[in-house]
Amino acid sequence: MHRIISSFVSRPAALVHVFLFVAAIGVFAQADSPRPSSQTGARELVDEMGRSVRVPVSPTRIISLAPSITETIYALGLQDHLVGDTDFCDYPAAAQRKPKVGGIINPNLEEIAALRPDLVLVTKNINRLDTVRALDTLGIPTYSSSAPHTVSEIISSTQKLADVLGAPEAGKSLGQEMEGQLAALQTKLADVPPRRVLFIVWTEPLMSAGKNTFIADALRKAGGVSIVEASQDWPKMSLEEVVHLQPDYLVFAASHSESATRDFEALATRPGWRLLDAVRNRHFAVISDAVNRPGPRIVSAIEELARQLHPEVFQDSPSPERVSPPANAASFVSPHAAFSSLSPSYCSGSVESSCVH
Amino acid sequence: MSSLLRTPLPSSEQPRAAADVRLSVEQASYAYSSNPSQAPLFTLEALSFHAKPGEIVAILGPNACGKSTLLKLISGALEPLSGRIFLNGFVTHSLPPRTRAQRIALVQQESRLLFPSRVWEFVLQGRHPYGSGLRFETEDDVTIATNALTQVGANHLSDRWMDKISGGEKQRVILARALAQQPLLLLLDEPTLHLDIGAQVDLLHNLRRLAAENRYTVVVVTHELNLAGEYADQVVLLQKGKCLRVGPPATVFQRELLEQVFQAPLSVEMTASGRPRVTLFSNT
Amino acid sequence: MRPLTLGRLLFRCGILAVILFVVVVIALKMGAVQVSLYGLGRDLIRVLLGQSSAISTDYGMIVRDIRLPRILLGIVVGASLSVAGASFQALLRNPLADPYVLGVSSGAAVGAIAALIIESHLALSPELAGLITPLGAFIGAGLTIAAVYFLGRRDGQIDSSTLLLGGIITASFLSAIIMFLMNTLSGSNLRGTVFWLMGDLSTPQPRSLLFLLSFGFLAAAGAIYTTASDLNLLLAGEKEAMHLGVDVPRVRIVVYLAASILTGLAVSVGGTIGYVGLLVPHVMRLIFGADHRMLLPAAALGGAIAIVIADTLARTVVAPSELPVGAMTAMAGAPLFIYLLRRRIT
């Protein structure tokens, strides 16, 4: 027995590992690193995941790990406090020039730490819990918004975020503006029967958005109703089933309408798709991919869609007047801004409509 | 060679057989069946024989007569269904694997190596039963292994790769590994199968010399009549799992008996040295 | 005739350890944030002397709290996978065996995904939530180890070919379950799972887990090492090994359990990092020969070196983004495998 132990101890790999191990113990036994100090005092909050977070009263070095949060920050006029965002934060254009910390699910912790943030913002629906835990371990305050399931939740989440960031008035006015636009839209669509739509996330395989997503809610607010009954977030649909249900319209989300129109043409030639009335009648709608982000532009995207699904309701009304947003905010909520890369000669596909800007 | 480091037997059991008998097979039998509830597919009926130090025993018979099974029983790999097998008074099957490997060495026909190794590494494996747990080979181990190679005349092969030597050379190296185990009992399973005639004679000749010099007891399984007749001190004749006769070759090699076992016409003559020689005739 | 001696073993391992140390120092230096070698050395010494408060905060935090733990994690994971791979190659007498061939990693993946699903329905404190995924993975691995063990038995003992078959079938079955489960996941859970499946060391683990991992590695690898001489003989064949005094059933069980535990531990925290467990043993065999008394420590050190290099590349090549470390090992491993194949190493 002692021979085994002595041969064990003399084993060099064990020795090396023990050395490294002891070094590591020495490292870990040190006190926690001191946290970055904030400009003003801090308060204890409970975030939308139920976590208790210590947040500075007015954070001045914010990192956003979700594109929707980045857009919200710009809409609230707080972009000067944004010191870093993800590779995918591309709207508004100015956000692309902010320092990048990596991807959404794999942000680079070193980059984040090097920017010395006093608050990092994440959302439950696209960020990983592991990232939140890692930031906790490093002592960096992290606030998480929940995953919204309806457009109202998006609005309330935006207002809560504004409170956390120390700009409650901006939040309230933004929220009111969004709700106002929605209400106006509801009035217009009040007497119009909703169109049955299929929102297409991906064509091969055919994937759509589930009924509990905010996208489904956005479709409803736009005067459409999704034919998808699945409670999964991104269900894979069977083409047969879709043909059986014969939606009135197919809805695509794209950053450029020309490519979307080309994609639709390509799709229309594929076997099986021609069985859809919506394909034969060219009843398709293309809206900004802002609809995929639970952020301020969702309302414009909804209005975009409504104009294409129910053009008759909008024929004699131009884009409505806006309450002017905060001076340094990007003009966010107008439908023009939502689809800024759109070519003006875009048309919806249905025969009887006129072209709409 | 035999004076080097032979470890004493454990004294927990009292030896039972007569003083100069080393291997004692007493009414050992065995049966194979594919599952316990069915009738056995093959049975080795109870048989007995004894062997002394320095003796060569040949287990002789046609294919599928139970030769290999008997060898496995003797090696302790299988437990006999009835009866027992003693080595110097200790039941072979009950010995722990390490102790058994210090007493019994098995020479197989082939050795498939997953990753190639050198001849000296291979022979050194024979020293494995003499270490415990994690060990490195000692000077003595190296000496014993070198001597084993010398004894089979394969010293010049020491640095060669195992997969690059000929069949005959490989056979000698495998034998050297067995000798490095410093066994009391040396078992060989059809060692002449892949050898040409010259090599066959060489091998048996070596075995006889080694058995005499080092007092090994050698048990060889074979179906080569004349090799058994020429070199064995005792022959165990098997047919279809039954032992038909045990004894010196002169008594076992009776024409009618051999013809019945091997199903071929033959004749038996005695040579000047008192050994039988068998001549096979064609079936005309 | 020059058999392996303790001196030669220590010397060779010493060289490997020095290489590992150099690699670790370089890895500490590299990253999204620049660190000078002098500053690094000075701060490491400060840390060891207990004066870590003297280190400037953010820079110290980066090296001490992010990079160093990640490198240490990589060392343990790399060493575990390589030793497990070498052990399975000996146990199954198959040069193509790797730590995942018996399904342990698939079981760990199922466990981790199940833990993710369960976690979203429970309200756990962050510390507990952090441990749930590795715990789930380890439980999944353990159950798979037990299942494959019972599948792999014949006449009451482990039989190598039956074990291999049982393991492969179990792995396929579990992979199908993983695909099914992934279908029910959504959003960040799904993407996180995909990332994990590719092999990822970027998540800092709680200290307790790191201690447990290191201890588990030492215990399991140590157990396998005590059978190193036996494994040398097992390579020739189980019957031959038995006749040379190896207690084959005991060796099989010890090696199977210990190597599976090593795999389970590594996969629980790092996901399925590929190629390391398969190739590092072969490369070490090329250099040092097939004697397991040398091969096992060499594989451990070699695996540590390989993973630290791969992980460092993974987090610097496309900075500020990161690649999963499994992608790096695959990119380097596949050409290396082809090269070894052409050298007829198997």
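Remarks
In this document, chain identifiers A, B and C correspond to the written order of the chains, with residue numbering beginning at 1 in each.
In this text, a residue touches a chain if its C-beta (ideal position, glycine included) is under 8 Å from a C-beta of that chain, and two chains touch if they have at least 3 such contacts.
Bear in mind that the values here come from a model prediction, so they are computed numbers and not experimental data.
Using CA-based centroids throughout, the chain positioned farthest away from subunit B is A. Nearest to the common centre of all protein CA atoms is the CA centroid of chain C.
Distance between subunit A and subunit B, defined via averaged C-alpha coordinates, is recorded as 79 Å. Each chain gets one centre point, the mean of its Cα atoms, and the points for subunit A and subunit C are 36 Å apart. In this assembly, the C-alpha centroid of subunit B lies 45 Å from the C-alpha centroid of subunit C. In subunit C, the positions touching at least two other chains are 6, 9, 225-226. In subunit A, 4, 8 are the positions where the chain touches two or more neighbouring chains simultaneously.
Of all residues in subunit B, those that touch two or more other chains are 133-135. The part of subunit C that touches subunit A in the complex is made up of residues 6, 9-10, 13-14, 17, 20, 31-33, 47-48, 50, 52-53, 57-58, 60-62, 64-69, 72, 75, 79, 119, 123, 126, 129-130, 133, 183-184, 186-188, 191-192, 195, 200, 202-204, 206-207, 210, 214, 217-218, 221-222, 225-226, 296-297, 300-301, 315, 319-322, 324.
On subunit B, the positions that touch subunit C within their shared complex are 75, 77, 96-102, 104-106, 108, 111-117, 120-121, 124-126, 128-129, 131, 133-137, 141-142, 145-146, 158, 181. Within the complex formed with subunit C, the subunit A residues making contact are 4, 8, 10-14, 16-17, 20-21, 23-24, 26-28, 30-31, 33-34, 36, 50-51, 87, 100-111, 113-114, 116, 124-130, 132-134, 136-139, 147, 232-234, 236.
Chain contact summary for the complex, subunit C toward subunit B: residues 1, 3-6, 9, 93, 95, 225-226, 228-230, 232-233, 235-237, 239-240, 242-248, 285, 289-291, 293.
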